[in-house]
Each structure stands twice: as structure tokens, then as C-alpha cells.
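You will see subunit A twice below: alongside subunit B first, and alongside subunit C after that.
Take a look at the complex of A and B:
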């Protein structure tokens, strides 16, 4: 099987080149047969790479420990799910997975646009094939620094067992976090390819935007989900009570998300007002290049990160590809320069267009700031010879003001009219949200002051903006629903349903905005007001965190198939009232060849809007014996307010995104 | 038409300079030098009592967890030389994957006289596990790999 897979990878070089050549010739010379042959080449590449990927999965499932990659990431006792997710457990495999996704999306473009003449989709297949070729070359193993994931161990060697995947990664959210990030990253290739397709074809209208709308929405959604799953995993597994630390890898996934969000908005301006043609192509190109840049940052070892990536040459290939593809886009833009002038201009600074424009500036600005912070160690080392880094607090500081402005814009945009906001419009739409926002802000201020936080200016502003946005958007829903209810002589609720159905993208988008407000409130509470207490406890001793008292009551030990779990039982009390128990623990793994390893198994419980989060310090494996003999247990307890709002808010965002994605566009769909 | 354009450009310049200001101020307030243990010792006096970051390996047999004081002490050693810097990490539990010889990233305040970092942040990476595993299958090929 492995040999078959390797052969498939080599063959795909030819099918990929064939597709490119045939599509180009066919499109240039109006030769339909050549175009069809090119499309078949794209599907053929997909079939070949699917075969190669299948061969690797077959290796995992059949425990083929003659295969180098299988030995490195899998083992006999690894559960089946994690044998399969081992596909993206390390670099060679994740490159193959990435490649498989690009070929799959290429084939999907072919299948969803099987029309006799579909110049745009056909042109878009060319850049898609170029991206494929880049990844094919990487997985062939012919370049230094990466080996072919289907390679066997040298000299016919057979390993007795594989090394297995890190236990930290053997959790369901780790099974879904990396692939959803990859799917989000890779699917961005398609809208980018449509933008390049439009440049190649010379028909520089807005069709590419309509055609790639759903792709864009889908990849944005999956990226949102992927980033959140990563944060959720970190929160539940890593034991430091947080979900986001501005690590370079986190930044690398966040930057394309920011750019994609900017593009989703500016694309709407092009659709509605036929403006920003050039800007949209630049934005989608940036979003695409940033997905590669993220890989470069994390794989080249140029910045240090929690996500352990050994230093590797692969970063250079990515950098080269980023450079070449960017130059290519710039050349194309220069070539089509005269066609990219927008006929319409901004009519007023007080208009929805300007709100969108400001949103774009903020999102791109934020991206550049985060990039700057992430690359700062390299920049300083290159310029001064001394490496200077910025810590987490840099990002926390610099994002606050642009972040609050963006939050305000999620409410301002929807209630500002296109073209020009008139004073009467302003009074009608803005008065109530502003008043409600002020009331909310003042209440928050009083509440926080009573709790002893007298200088919480940003918190107050955040509550003001949040309430403003909620009021503005509810107003939009209410006005629209009432109008429909009146017209159709039905109930308000029915009117609301009809309203959303009639304009899914608009109201789906508003639901996303509501989700964003909820996420902000979650971040405000959990990042701004968490409490942390650490104490060594003996049996029957207590500690306090916030209003909660934790008492060490007991210890336990459980045997599981591939680890043993040792922990303690803590009784939780609030104001003298028992709130039940929590069981933080440590998991002890013993695996031949890897040495012993123990990991924190935090206990997390929701009490109303707050989380109590408990992690244990190092313990001997027999926890009950240790506790009974008077040993000390190191308990670290976090009181995390509102953290559930982060997960809830993202869920609302995803629901809104799903609503929006189902809108059919009259001018064509992919 | 011209005036409106002027306004938009003006607004853009204001927004851009505000962002640049935020960035420069942020860098100025928070940035800290990043060292290998070897380089830190060489530049010890320059960064005495200042915030720094160090990347290195957890020196073998130096780790001590004191549950009564709730503190972790260990030494971080250079990858290439014998240079070592002591680390004190208090009121936080030891992170997962903290193993002798493993990669560690330390951020904190440096005391040159005692060659000690009072850490505010500690991160580990899980590379050591895979190195051992590769050794066990006797085929460490030098291919660089990703471990998350």
C-alpha cells in the first residue's frame, strides 16, 4: 500500500501540471475539450492524493510499523480515532492532509460548476493547481527537511511498536481542532483563486465575489470554530486556567481570521456599491498569504512558542512560495490596473460604507500590530543583533482600543444608512441604543465600584458598547419583524421568522454580531476579573477563592486502560452552604520507551455565571496513601467569571454564520 | 469631490497614526530582551532587575517542587554551552511536560547577583518525549518534525 501511495504522489505531479497546461490553453484558445481535460486533471489529482492519504490511513489502521510516519505518531494501543487523527499529528502527515484538502476543494470547484462555459471557475482552477503543486513537491520527500509520509523505515526495519501520540493530544477537541483550522485555512484558497481567476480572465467585474461568497463564509465559520476549539482545549487540558495567551501559533491562526472578517465586510461594499474592487483582491490575497505565513512562523523555529515545533527548513519553502505568489499577484494587479478602478466613490463620511471602511482599517491594523508583535524578536535581532520580545501583556494592551471600536462598529454598521446618514435618521436609529448603552455603562460602573474596582474604565466602555450593539441590532430585528407582521397580518414572531428567511445573510450577520458581543463580555469577565489562589492543603484543610471555600476531604485513584488517575475530593462551600464536590486529578501514563509522564486533569465546574477551575501540582502516583500519611497536595484554584460566555458567544456566531450561508444569491452560487 | 477625498485620506491618516502610536507605546512599555542562558550570563549586568525571556533546556536533576511554599525551583541550561541560570516560579503549579532535558521558556525578572530569574511565566514543550521515542526505534533521521 505504501508504495502505491508513493506512486500516486509522484503521478499527481503530472496530473497537476497537465491540469494547469490544459486549462490555460483551453481558456486562451477557446478550446472546450482542452478545458474539460484540464478539469479532469484536477479531479485526477484529487483521486491520486486521496489514494495516497488512504494508504497512510491504512498503515495506521493495520499498525504497519515498517512505515516511518506510522511509527512516529501511532502505536498498537492507540484508540482507532486517534490512529486516524495521527494523520495530522506531525508535519509530513499534516502537509499531506493539507494537500488532500486543496485537491478536494479543487475537485469541488469542478463539480459545483460543471457548465459548458464557466470561465471564472476554470481560471480559478489554475491558481488552485499551483498551490497543489507546491504541496505535492513538499510531500514527495524530494526536498530537504521533509520526508515522504509514506516512506518506510530504512533497510526493511520493523519497529516493535510506535511511539504514539502525546497523551495531551488524545482528547476529542484535539481530534477536531487541527482539522478545522486546516479546513478553514485551505478553503480560503478558493476565494483567493476566484480573485486570481478574475484577474487572469480579464473580466474584472464582481462575479468572483458572488461566486466565492459561500466558500468565504464557510471557511470563516470553520476557522472561527477551529480557533475556539483550540482555546477550549487549552482551557480544559493545560491547567493554567486560560484559553488564549497570544502565542505565535494562536496569532498565526487569528490573523487570517481577522483578514477574512475584513474581507467579508468589504466584499459587501463591492456587491452593493461596486466600490473597493482593488482592495478586495488585495485583502483576499493577504488572507491567503497569511495562512501560509502562519505556517512559516510556526514551522521555521524563528519564534519560540508553546506549540513545540522543531526547527526546520520547511519554513524557507513557505517563505519562498509566499514571496513568489505575492509577486505574481502584484504583477497581475499591475497588468489589470486600469480595469480595477471603481466607478463609485464614497459619498459621505457618515455612511454605512465608511463604517465598513473603518472596520476594515481596524481589522487590518490589528492584524499588522499582531504581526509586528509576533515578529518583533526577529525584527530586533535582524536590526540590532539583540533579540527583544514582547510578552502577552503587549497584545492585551494594544488590542483593547481597536477592539472596543470594532465592537461599537458591529452596532453602528447595521443601523447606519448606505450613502449618507441624515440627522433625522441618526436620531431615529441611534438615540435609543445610545441611551440604553449609557444606562448599561453607568450600572456597570456602579456595580464595579461597589465591588472595589474603581478604575475599570475599559470594562465600563465595553459594557456601554455591548449594550449599544445589542439594542441597535434588536431594534433592527424588531422594526423589520413588525413591518412584516403588519404586511402579512401575522404575529410578531412569525414576522421575525419571515424576516430572517427573506434576508438570511443580513440577519444571519446580525446574529453573528450578537455572538461577538457575548464573546466580548466573556473575555471581559474572564480576562479582567479572574481570581487565583494557590495553597498546599493537608487532609481537612481549607482554602478560599472568591466567595468559595474548598476543603480537602478525600483522595482517590482509578485505573484506566492506558493511564491511572490519582486525585483528591474537594468539598465546595459558599457562604456556609454546600455546593457539592470537585475532583481535580493527575493522570499518570506509563509507556515503554517514553518514560513516565503525568498530566494535569483539572476539575471545572460552572456555578451560575462563574467557573471554578482547580488544578493540582505534582503528586506521587498513589495519591490516597500520600494524603492519608499527611502529605501536602498543591491546589491551584481559579475563579473565572463569565468564561462560558466565550463559548456561548462563539456558538451564537456559528449559528448566525450558518443562517447567512444558506442565502442564495440571484447572481449565481457555488 | 476633492474635499471629500481629502477628508477620507485625513481620517485614514488619523486612524493609521493612532494605531502606530498604540503599537510603539505598547512595544516601549512591555518589550523585554530574549536570551539563551549563555547570552544572559554574558549580558547579566545590563538586564539586572529587568524583565527578560530565556529559552533553554531544563537542567537535569535541578528541579525541586516545594509543596509547602508552593514553589518550583530549577535551572535552565544552554543548549550549546554549560551556562545555567536558576529559576524560581512561585504560586503556580508546575506545567505539564516539565521534564529533565526538556525545552523550557521562562519569562520573569532577572537578579544578576544571584543569577536568578523570578519567573512570572513558564512554558514547556513536549519535544523531549519524541526524541526519546525516536531513539527507541533506532532511526532518528534528523528529519525535523512537529509535535504540537
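Take a look at the complex of A and C:
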């Protein structure tokens, strides 16, 4: 099976080249048969890579320890779910998975564009095939730094058992977080390919924007989900009570998301006003290139990261591909320069177009700032020779003002009219949100002052902006729903439902904005006002974190197929009232890919919107005996206020995104 | 009698030791300066155990616990925060510093975000101004019908259009 998979990978080089050549010849010479052959080449590449991926999964499931990659990331007693997720557990497999996704999306473009003369989709298949070829070359094993994931051990060797996957990756969230990030990253290739397709074809209208709209929405949505699942994994598994630390890997996923968000807004200007044609192509190119740049940053090892599990020295291939593809896009832009001039002009600086441009300014600015901070260790080492790590506090300091302005813009954009905002419109639309925002800000300031936080200026500004946005968007929903209810003589709620159904994209977008406000409030509470207490506890000893008292009551030990779980039982009290127990633990993996390893199994208890979060320090293997003999257990307890707003906010964002994605554009969708 | 004195001496010494230990324990527990220094120290350096970018205070590994105990002992023995921190960084490397003060070359790191935002702002402003000026100068540029409508009015128009289409 492994040999069949290897053969499929080698054959896919030819099918990919065939697809590119046939599509190019067919489109340049109006040869329909050649175009169809090219399309078949794209589908053929997908079939071949599916075969290769299937062969590797078959190796995992059948415990084929003659395969090098299977030996590295799997073991006999690894649960089936983690045997399958081991596909992306290390470098070679994750590249094969990435490749499979690119080929799948390529085939999807073919299947969804079956019209005889779909020049745009056919041109888009050419850049998709180029990206496929790059990844095929990487997984063939012919380049230095990465081996073919279907390769067997040398000299017909058979390992008795595999090393097993890194225990940190053997969690349910890791089964969903990496694939959703990959899907988000890889699906960005399609709107990028449509942009390149429009440049190659010379038909530089807005059709590519309409055709790729749903793709872009889907990428953004999945990326949002993937980033959040990553944060949730970090929160549950790493034991430091947080979900975001501006780690290079986190930044690498966040930067394309920011650029994708900017593109979603600027594309609307091109749709509505036929403006920013050049800028939209640049923006989608940047978003695509940043997915590769992020991969370069995390895979090359040029900056250290907490979760770069698949590090190797293939970074320079990515850098080379980024350089070449960027040069290609620049050349195409220069060639089509005159065709990309927009006929329409801005009528007023006070308009929704301007608000969207300001939003683009902040989003692109934030991306560059984050890139700057991520690369700062390399810059410092290059200039001064000193090794530095950029702390979380640096990022928090430099992103806070652009971040707050961005929050404010999520409210300004929806209530600003296209073309021109007149003074009367301004008064009508802005007065109430501003007043309500001010009231919210003042109340937050008084509340925080009473709690002893007298210099919480950013918190007050965040509450002001949050209330402003909520008021602005609620006003939009209310006015629209009332109008519909009145016209169709129905209830306000029914009017609201009809309003959303009639314009899913716009109101879905507004729901996303509400979600963003909720996320901001969650970040404000959990990052700004968390409490951390650490203490070594013996049996029946207590510690306090905030209003909660934790008492060590017992210890436990559980045996699982590939790990043993040892932990303690802590009784939780608040104001003398029992709130139940919590069971933080540590899991000891005896067959971990990186030697014997233990992982932190934090105990998290939701109290309304707040969390009580407990992680344990190192423990001996027999925890009950240790505790009963008077041993000390190191307990780290966090009180994370409003942290659940973060997850709630993202859920609202995803719901809004799903609403928006289902709108059919009159000019067609892919 | 001699034995009795010896036993009494040992007993007194033992009690004294216990009292000293308890007193020491109380000093440690209630010494706010030492606690705040320890807090400053443990949040200013990263643990070198392999848990990347986790400060000694946040890291729950055994190495972090040992380091914290060591810091505690050194602070109790009269060491200063700066001195202990400098020793830690010279021993393990400057990349384990969790502080990045805006001093020396770091000023560039802090200044660049401002430069980025200002520079992009200037570009956006120039684009907006040029687009606006072009509109004012070029009256031949075809534009869509001039509508100064709010979002809800726009919605109403859309609805009317839909009804009109349905009637046709």
C-alpha cells in the first residue's frame, strides 16, 4: 500500500504539469478539448493524492511499523482517533495533508464550474496547480529536509512499536484545531487563484470578487474557528491559564485572518462602487502569501514557538516560493496596470467607503505590527547579536490602540451610509450610540474605581466602544425590523427574521460584529483582571484565589491504555458555601514521541461567565501514596473573569458568518 | 544533675530552634517586601525548562518550582531583584528575559508600530484625497445616482424594488 501511495505521489507531478499545460494551451488557443483535459488533470491529481493520503492512513490503522512516519508518530496502543490525526502530527504528514486539501479544493473548483466556457475558473486552476506542484515536490522526498511520508524504514527493518504522538497533541481539540486551520489557510488559495485568473485572462472586472465571495467567507469562517480551537487547546492543555500569548504560531495564524477580514470589507467597496480593484488583488495576495509566511516562520525554526510541533529546515523552500509567487503577481499587476484603474471616485470623506478604508488601514497596520513583533528576535540578533524573546506585554502594548479603533469602526461602518454621510444622517444614526457608549464607559469607570482599579483607561474605552457598537448595530436591526413589520403588518420579531432572510450577508455581518464586541469584553476581563495564586498544599490544607477557597481533600490514580492519570481532589468553597470539587491532574505517557512525558490536565470550572482554573505542578507517579504520606502538591489556581465571553463571542461570530455565507449573489457564486 | 542540665539544654535549644523556625516562617509569610520582590522576579524571567515563553510564576513544571525556591532563598539572604535576575540571564541567556524595556535598541521595536500606523494613515489619507479631488475635478466621470440614504432607507428601497419586480 505504501509503495502504491509513493507511486501516486510521483505520478501526481505529471498530472499536475499536464493540467497546467493543457489549461494554458486551451485557454490561449480557445481549444475546449485541451481545457477539459486540463480540468481532468486537476481532478486526476486529487485522486492520486487521495490515494497517497489513504495509504498513509491505512498504515496508521494497520500499525504498519515498516513505515518511517508511522513509527515516528503512532504506536500500538494509541487510540484510533489519534492514529488518524497523527497524519498531521509531524512535518511530512502535515505537508501531505496540506497538499491533499489543495488538490481537493482544486477539484471542487472544477466540479462547481462545469460550464463549457468558464474562463475565470479555468484560469484560476493554473495558480492552484502551481501551488499543488510546490507541495507535491516537498512530499516526494526528493528535496532535502523532508522525507516522503510513505517511505519505509531502511533495509526492510520493522520496528516493534512506534514512538507515539506527542502527548500534547493527543487531545480531542487537537483532532479539530489543526485541520480547521489548514482548511482555512488552504482555502485562501482559491480566492487568490481567482484574482490571478482575472489578471491572466485580462478580464479585470469584478467577476472574480463575486465568484470567490463564498470561498473567502468560508476560509475566514474556518480560520476563525481554527484559531479559537487553538486558543481553547492552549487554555486546556498548557496549564498557564491563558488562551493567547502572541506566540509566533498564534501570530502566524492570526495575520492571514486579519488580512482576510480586511479583504472581506474592501471587496464590498468593489462590489458596490467598482472601486479598489488593484487594492483587492494586493490584499488577497497578501492574505495568501501570509499563510505561507506563517508556515515559513513556524516550520523553519527561525523563531522559537511553544507549539511548533512540525519544525524542520524546509523554511527556505517556503521563502523561495513566497518570493517567486510575489514577483509573479507584481509582474502581472504591472502588465494589467491600466485595466485596474477604477472608474468610480469617492464622493465624500464621510462615507461607508471611507470607513471601510479606515478599517483596512487598521487591519493591515495590525498585521504589519504583529509581523514586526514576531520577527523582532531575528532583527535584534542580526543587528546586536543578542538573543531576545518578545514578551506578551509588548504585543499587548502596541496593539491596544489600533485594536480599540478597530472595535469602534465595527460600529461606525454599519451606520454610515454609502457615498456620503450628511450632518442630519450623522445626528440621527450616531447620537444614541455615542450617548449610550458614554453612559457605559462612565458606569465601567465607576465600577472599576470602586473595585480599586483607578487607572483602567483602556478598559473604560473598551466598554465605551463596545456599548457604542452594540447600540449602533441594535439600532440597525431595530429600524429594519420595524420597517418590515410595518410594511408586512406583522410582529417585530417576524419582521426581524424576514429582515435577516432578505439580506443575509449584511445582517450576518452585523451578527459577526456583535460577536467581536463580546470577544473584546472577554479579553478585557480575562486578560486585564485575572488572579493567580500558587501554593504547595498538603492534605486538608487550603488556599484562596479571589473569593474561592480550595482545600485538598484526596488524591486519585487512574490507568488508561497509553497513559496513567494522577491528580488530586480539591473542595471548592465560596463564602463558606460548598461549590463542589475539582480534579486537576497530570497524565503520564510512557510511550511519548519525545521520551517519557507528562501533560497537565487542568481542571476548569465555569462559574457563570468566569472560570476557576487549576493546574498542578509536577507529581510523582503514585499520587495517592504521595498525598497520604504528607507530601506537598503544588497547586496553581487562576480566577479568569469573563473568559467565557471569548468562546461565546466566537460562537456568535461563526453563527453570523454562517448566516452571511448562505446569501446567493445575483451575479453568481462558486 | 549534669545529665538533667544537658537534657534541659537540648530541650531549650530544640524549643528555640522551633521558635526561630516558626518566627522565620511568619516573617516569610508576612514579609510583603520579599513577596513583592519575588513576584517581580518570577514574572520578569522565563522558565528555561522548555515550556516556551512561560514565566517562572506561570510555569508549573518542576524546574520553575526549584528556581522560585532558589530566588526566594537568595532574596531572603539579602540579594536584590536586579542582581538575581542578571545572574539568571547570564547563566541561561538573555532570551529568557520576559521584560522588554523601551531602552537601547528596543526603542526601535516600540517606535516601529507607531511608524507603521502613521505611514499607512498617510497613504490612506492621500488615496482618499486624490480620489476625492479627482471626483471634484472630473465631472465627466460617470457615477451612480446620488442617494444620500441611511442603511434602513436603503433597505426600504430594496424592498420596494423587490415588490415592484414581483408585480411585474
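Convention: the second predicted complex is superposed on the first by the 653 of 670 C-alpha atoms of A that agree within 3 Å, B and C clash if a C-alpha of one lies under 4 Å from a C-alpha of the other, contacts with A are read in each partner's own complex, and residues count from 1 in each chain.
Convention: contacts are C-beta pairs under 8 Å (C-beta built on N, C-alpha and C of every residue); 3 or more make two chains touch, one makes a residue touch a chain.
Remember, it's a predicted structure, so these values are computed and weren't measured experimentally.
J.: Would subunit B and subunit C fit next to each other on subunit A once aligned, or clash?
T.: Partners clash after overlay.
J.: Pick one for A:358: touches subunit B only (first), subunit C only (second), both, or neither.
T.: In the superposition, A:358 contacts both subunit B and subunit C.
J.: Does the superposition put A:597 against subunit B (first), subunit C (second), both, or neither?
T.: In the superposed model, A:597 contacts subunit B only, not subunit C.
J.: Under the stated touch criterion, which partner chain does A:499 make contact with: subunit B (first), subunit C (second), both, or neither?
T.: A:499: touches subunit C, not subunit B.
J.: Look at A:391 in the shared chain and tell me whether it touches subunit B only, subunit C only, both, or neither; answer first, second, both or neither.
T.: A:391: touches subunit B and subunit C.
J.: Answer with first, second, both or neither: which of subunit B and subunit C does A:166 touch in the superposed model?
T.: first
J.: Figure out whether A:535 sits in contact with subunit B (first) or subunit C (second), or with both, or with neither.
T.: first
J.: Go through the superposed model and pick first if A:30 touches only subunit B, second if only subunit C, both, or neither.
T.: A:30 contacts neither subunit B nor subunit C.
J.: Quick one: is A:425 in contact with subunit B, with subunit C, with both, or with neither? Answer first, second, both or neither.
T.: Touch status of A:425: second partner only.
J.: Touching A:628 in the superposition: subunit B (first), subunit C (second), both, neither?
T.: neither
J.: Mind checking 9-17, 27-35 or 117-125? I need the stretch of subunit C that runs into subunit B in the superposition.
T.: After superposing on chain A, the clashing stretch of subunit C is 117-125.
J.: So which bits of subunit A does subunit B touch that subunit C touches too?
T.: The answer is residues 238-240, 304, 306, 345-349, 354, 357-358, 361, 365, 368-369, 372-373, 376-377, 386-394, 397-398, 402, 532, 534, 600, 615-618, 634, 636 of subunit A.
J.: Under the touch definition given earlier, write down the residues of subunit B that touch subunit A in their complex.
T.: Residue positions touching the partner: 1, 4-5, 7-8, 11-12, 15-16, 18-19, 22-23, 26-27, 29-35, 51, 53, 55, 65, 67-70, 91-97, 99, 103, 105, 107, 121, 123-127, 129-130, 132-134, 136-139, 141, 143-148.
J.: Please name which positions on subunit A make contact with subunit C in the complex.
T.: 238-241, 245, 247, 273, 275, 304-306, 343-349, 354, 357-358, 360-361, 364-365, 368-369, 372-373, 376-377, 380, 383-384, 386-394, 397-399, 402, 414-415, 417-420, 422, 425, 428-429, 476, 479-480, 483-484, 487, 499, 502-503, 506, 532, 534, 600, 615-618, 634, 636
J.: Going by the contact rule at the top, pick out the subunit C residues touching subunit A in the complex.
T.: 46, 51-54, 57-62, 64-65, 93-100, 105, 109-110, 112-113, 116-117, 120-121, 124, 127-128, 131-132, 134-135, 138, 141-144, 146-152, 154-156, 158-159, 162
J.: Can you list the residues on subunit A that touch subunit B in the complex?
T.: 68, 71-72, 89-92, 94, 145-147, 153-154, 157, 159, 163-164, 166, 168-169, 238-240, 299, 304, 306-314, 345-349, 354, 357-358, 361-362, 365, 368-369, 372-373, 376-377, 386-394, 397-398, 401-402, 532, 534-536, 592-595, 597-600, 615-618, 631-634, 636
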